[in-house]
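You will see two complexes here that share subunit A, one where it goes with subunit B and one where it goes with subunit C.
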Partner chain A sequence: MSTESVTLTIDGSRMEVEIGTSLLEAARMAGIEIPTLCHMEGLSSYGACRLCAVEIGPPDKAKVVSSCTYPCEEGLQVRTHTPRIVNARKLLLELMVSSTPSSKTIQDLAAAHGVTQQRFRPENEDCILCGLCVRMCKEQMMAGAIDFAGRGPDRRITTPFEEDSEQCRHCGGCMYVCPVCMLRCAGPAADSTLCGGCLIACQMPVNTAKIA
Partner chain B sequence: MRAATAPVREIALVDTPEILSSPVGRIIEEHHNDRNDLIAMLLDIQDAMGFLPRFAMEHVATSLEIPITEVYGIATFFKYFRLKPPGEHQCTVCTGTACHVRGAARVLREFERHLGIRSGEVTDDREYGLETVNCVGACALGPIVLLDGDYQGQVTASKVPTLLRRLKRSAEKKPVAARSEAAA
Partner chain C sequence: MLIGRSDPERPCITICTGTGCVAGGAGDVVEAFRKVLADHGLSRRVEIRLTGCHGFCEMGPLVTLQPSETFYPKVRPKDAKRIIEQTVLNKEPIEELLYRDPSTHEPIEHEGDIPFYSHQHRIVLAENGRIDPTNLNDFLDIGGYLALQNVLATMSPADVIDDVSRSGLRGRGGAGFPAGPKWKIASEQPAACKYVVCNGDEGDPGAYMDRSVLEGNPHRVLEGMCIGAYAIGAQQGFIYVRHEYPLAVGRISRAVQDARRAGMLGERILGTDFSFDLKVVRGAGAFVCGEETALIASIEGRKGEPRQRPPYPAVSGYMGSPTVINNVETWANIPHIINNGPDWYASIGSEHSKGTKIFSLVGKVNCTGLVEVPMGTSIRSIVYDIGGGIPDQKALKAVQTGGPAGGCLPADQIDLPIDFEALREAGTIMGSGGLIVMDESTCMVDVARYFTGFLEEESCGKCYPCRKGTQRMRELLEDICEGRGTMEHLSLLDELGATVNTTSMCGLGQNAATPVLSTIRYFRDEYIAHIRDHCCPAGVCTELIRFEIMADLCDGCGACAKVCPAEAIFGEKNELHTIDPNLCIKCGTCKDVCTKDAVLVLSGGGHEH
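Up next is the complex of A and B:
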């Protein structure tokens, strides 16, 4: 590799990557599976879903960062599946399942990560504000018809002035990338609670790699 | 996705009479048509016009060659920006933490009841507007209410009618120009 590279350690294995590679890309190159919802190749990284969290630095001073937005650094130690990280992901997925229980993508991820309890009130939202559709529209479709508006609890994805946008070409790209509206979960009591019933009830394969 | 039933509306371009008679063009020029100055531009437009009219936001987006979504996103993100014209007299109830624990919610309800509008709205005659903010930096005096920019400390629900009466009286005395100066 050229001089424009850095060497780092991911889960104990040393690897050399080009400068500017994100931790997520490096880990995936090494065949390490890190779950994501808001990341997609060809779109900029946004760091919204936080599922790609990894631990960096020496174990006694470890920091949790989102690997999709963190660039590889020389000599960095990265751990992708420590108990702390696994627990953080489980909690995130539990929260996401309770806000959007009808999303098959999220229900499957939760099942794959061993989320077995549901301590939060289900809300039946249809958006996790991952911003994939916004970036799809802006970066791939060159339209910029939708964006975030509002702040805090009022934050939502919308067209300007909440009406049909002239920039929208009805390409459907936003729906294609959406982790909530693309695949609906219709499993047992999916609208109220954890489903995780794919293997038993739906007889459909879980579409994410099972993580130990 | 919604069906394409609504007629496609043209984006307001540079020379509509609405824009020529407004300070929007001048403000954009003052900021050298620079995208980094977007927030400053919107602030200036709001200071000049009292709120951010839709045509102004569209004009800014067109001149800076950025999607209108970006301007709309910023205008809705910051509490300071108004998308609707304010009332002639603006009542601002602080609902920050300190005011909240001292009963700002009750004060706000009382204002809503007396004015007959919800927070964020303006009365039908455009006379009174009601809004909430999250801190005005005078927590020791909470609950705080700003009436046309005047700080009123330790407001209780029972003081609201008096405050509104006083606001009405002082508004009748002051000429309009002096009031907008005081607000600025």
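Up next is the complex of A and C:
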């Protein structure tokens, strides 16, 4: 093993990766599918959606961490699909689908993870506060026109003092990365016609649709 | 050698001027004593010392006379004259002003004989009642800064870390990470710039341990931080205090200035090569800033929200430099460990949790206040021996430990020793030391709903399970409290709670479901009574209760009808009164004013209170 790499075990397979690689990147390199919503290549990791949660450490002392932010460590044991993790992801997706039902991305993820019921009071929010737009604006567009404000139920993404921003160049980068804005489920069309919206969306691979 | 200047034989009236006693009128009491002393021409002979919090806040304002240690609770300005004339001049205690034992009603003269104090083992709080926190000389009198002097003169940084490690001291902020190993990690980092931080962002409702230490003995915290800075090689430190603690901010800022002037802070401390300085930073009112990564973000001037660790702050903290963050109480313990040795400290407490812990004992208990006991002390001892039991002959129902994100333990668990491991196993947490006692009139579903609502408001909102999960749990609990609950609500709460606790990013989210999960674990029957029988056994949830006047007890005095804000009570003078359930807003005022106890709270099929 060279000093620039570490060896770890993900779902039973040993692999050697460069130092600084995140668990998510390592798992994806190994072909292991881990769902994400707030992660995008080229933007810093944020760890907000928690869908990429994995278990690390020996099974009797397992810790749950977000794989997008956790760096690979020498000798680390990682399990990406234990029952605890699978159930937690499923419930997180159920929470998301019941609060942000019009996002096609979230609907598809939920369907792919076997969410078949929605037990919470329905809401219709437009934002899951994943922060992709904030990081896109700051890190790729170098504008920093938007950021989070408020906390808890008041948390929102906005411009400073909620006023028109002079930093915003109307590039649309924020909307491009948004998992809710761009792929909206229009709902069924009139009874007599087929809208076909789902068909088009389903041809894109689930989850990687926005990351291409 | 550092020495103070006061004379121990000189009569001294110590008056507690902690936040609790000040709110109780200590300011007027101080003025009254000053005036009486001046009238008697005693201002020079008798000293008035304004001390920090003694911890027995319920009994404030507190006055203790030295050297006799005569203790007077709930002192009023008009008592000053008698106390000075009888006790100070004639050395006779005034029996009717003395504290009375809540069970035996016997008067007790000396502070140390009062059960509330005598069952405690005070290390950190011991000095609070003895010194004027704004007077550095008082602190020097009790051996202040001796530990720092010894460390700088005789110990290497590695020796200090070794002592702290051997003492077994664990962080008092909640997680219980051992202090020594944390310092060691920071000391081993090659960075040139390192920092120490004191976490005084105490946000738990009803908890005020850190406030009392900062207000009552700020130099002890500074001394601990100086020693920590020397051990890890830091030149700069921060004290992060809640802006809502104006007195604590003032006292610690004053202490920093005084210490700097006396050469205990700044360049070349006490004439050695060690330089270290401190800055007081005020928190802007977010509960989550008690989490270390959020606290660092806040000091750096960013939005106070946590980030995923690693890297831990001891490796990469303030401005990316190694930073040791410890709680106020942890820092205040350090000088005592240096002075008395690590073995002394390790001899106190339980197997894996060493030393003492300060608890803020509040709720339905006779003596509320700050309680410092060795780790491993049972909850029973704290509630009954120190707290004096439950008022009004009611039964103990539950004890919540660890603040809003802590769990509720039922009455049959009160022999549980309080240490990090035992509490964790029982489904709750040590937290920073909140201890809320609940009696039979408390509804556990309502308690879970309240704390979940608090956590929802205080969640930073960054990670989804904490933000959405607390909202959804609160909604489900509201459904149950308001009679719309089903058994599916209960299983969904269990499932959601587990997910919130496992997947959240920081300590707040990882315990956000603990109030819900612990109450479901220990008080499942109460949840089921709400769901299945639409009955709130404690008579708290307004949607599930109704008020009725008992015909055989009501004498028709009309007091209830007079106070009813909804004008829902009808009846002729001297005849039975009745409550119109359609108008009643269930405020309970009628029950409070009824001298015949004729107003009953009924729930479900007729559960009465």
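Definition applied: the second predicted complex is superposed on the first by the 184 of 212 C-alpha atoms of A that agree within 3 Å, B and C clash if a C-alpha of one lies under 4 Å from a C-alpha of the other, contacts with A are read in each partner's own complex, and residues count from 1 in each chain.
Here is the rule we use: a contact is a pair of C-beta atoms (placed from the backbone, for glycine too) under 8 Å apart; a residue touches a chain by one contact, two chains touch by 3 or more.
Keep in mind that what you see is a predicted model, and the values were worked out from it rather than measured.
Engineer: Is A:Arg151 touching the first partner subunit B, the second partner subunit C, both, or neither of them?
Structural biologist: It touches subunit B and subunit C both.
Engineer: Mind working out whether A:Gln167 is in touch with subunit B, subunit C, both or neither, as first, second, both or neither?
Structural biologist: first
Engineer: So, A:Met175: does it touch subunit B (first), subunit C (second), both, or neither?
Structural biologist: first
Engineer: Just subunit B (first), just subunit C (second), both, or neither: which does A:Val86 touch?
Structural biologist: A:Val86 contacts neither subunit B nor subunit C.
Engineer: If you tally the residues of subunit A touched by each partner, is the higher count for subunit B or for subunit C?
Structural biologist: C
Engineer: Between subunit B (first) and subunit C (second), which does A:Met96 come into contact with in this model arrangement: first, second, both, or neither?
Structural biologist: After superposition on chain A, A:Met96 lies in contact with subunit C alone.
Engineer: Is A:Ala48 touching the first partner subunit B, the second partner subunit C, both, or neither of them?
Structural biologist: Only subunit C; A:Ala48 stays clear of subunit B.
Engineer: Return first, second, both or neither, reflecting whether A:Ala30 touches subunit B, subunit C, both chains, or no partner chain.
Structural biologist: After superposition on chain A, A:Ala30 lies in contact with neither partner.
Engineer: Across the two complexes, find the residues of subunit A that touch subunit B and also touch subunit C.
Structural biologist: Overlap of subunit B and subunit C footprints on subunit A: residues 147-148, 150-151, 154.
Engineer: Once bound in the complex, which stretches of subunit C touch subunit A?
Structural biologist: 286, 288, 303, 305, 307-308, 310, 456-465, 467-472, 475, 488, 492, 495-496, 498-499, 502-505
Engineer: Which residues, counting only subunit B, touch subunit A once they are in their complex?
Structural biologist: 1-2, 4-6, 8-9, 11, 54, 57, 66-73, 76-79
Engineer: Of all residues in subunit A, which touch subunit B in the complex?
Structural biologist: 138, 143-151, 154, 159-161, 163-168, 170, 172, 174-175
Engineer: Over in the complex, which subunit A residues touch subunit C? Could you list them?
Structural biologist: Residues 47-50, 53, 64-66, 69-71, 84, 87-88, 91-92, 95-96, 99, 119-121, 128-129, 147-148, 150-155 of subunit A touch subunit C in their complex.
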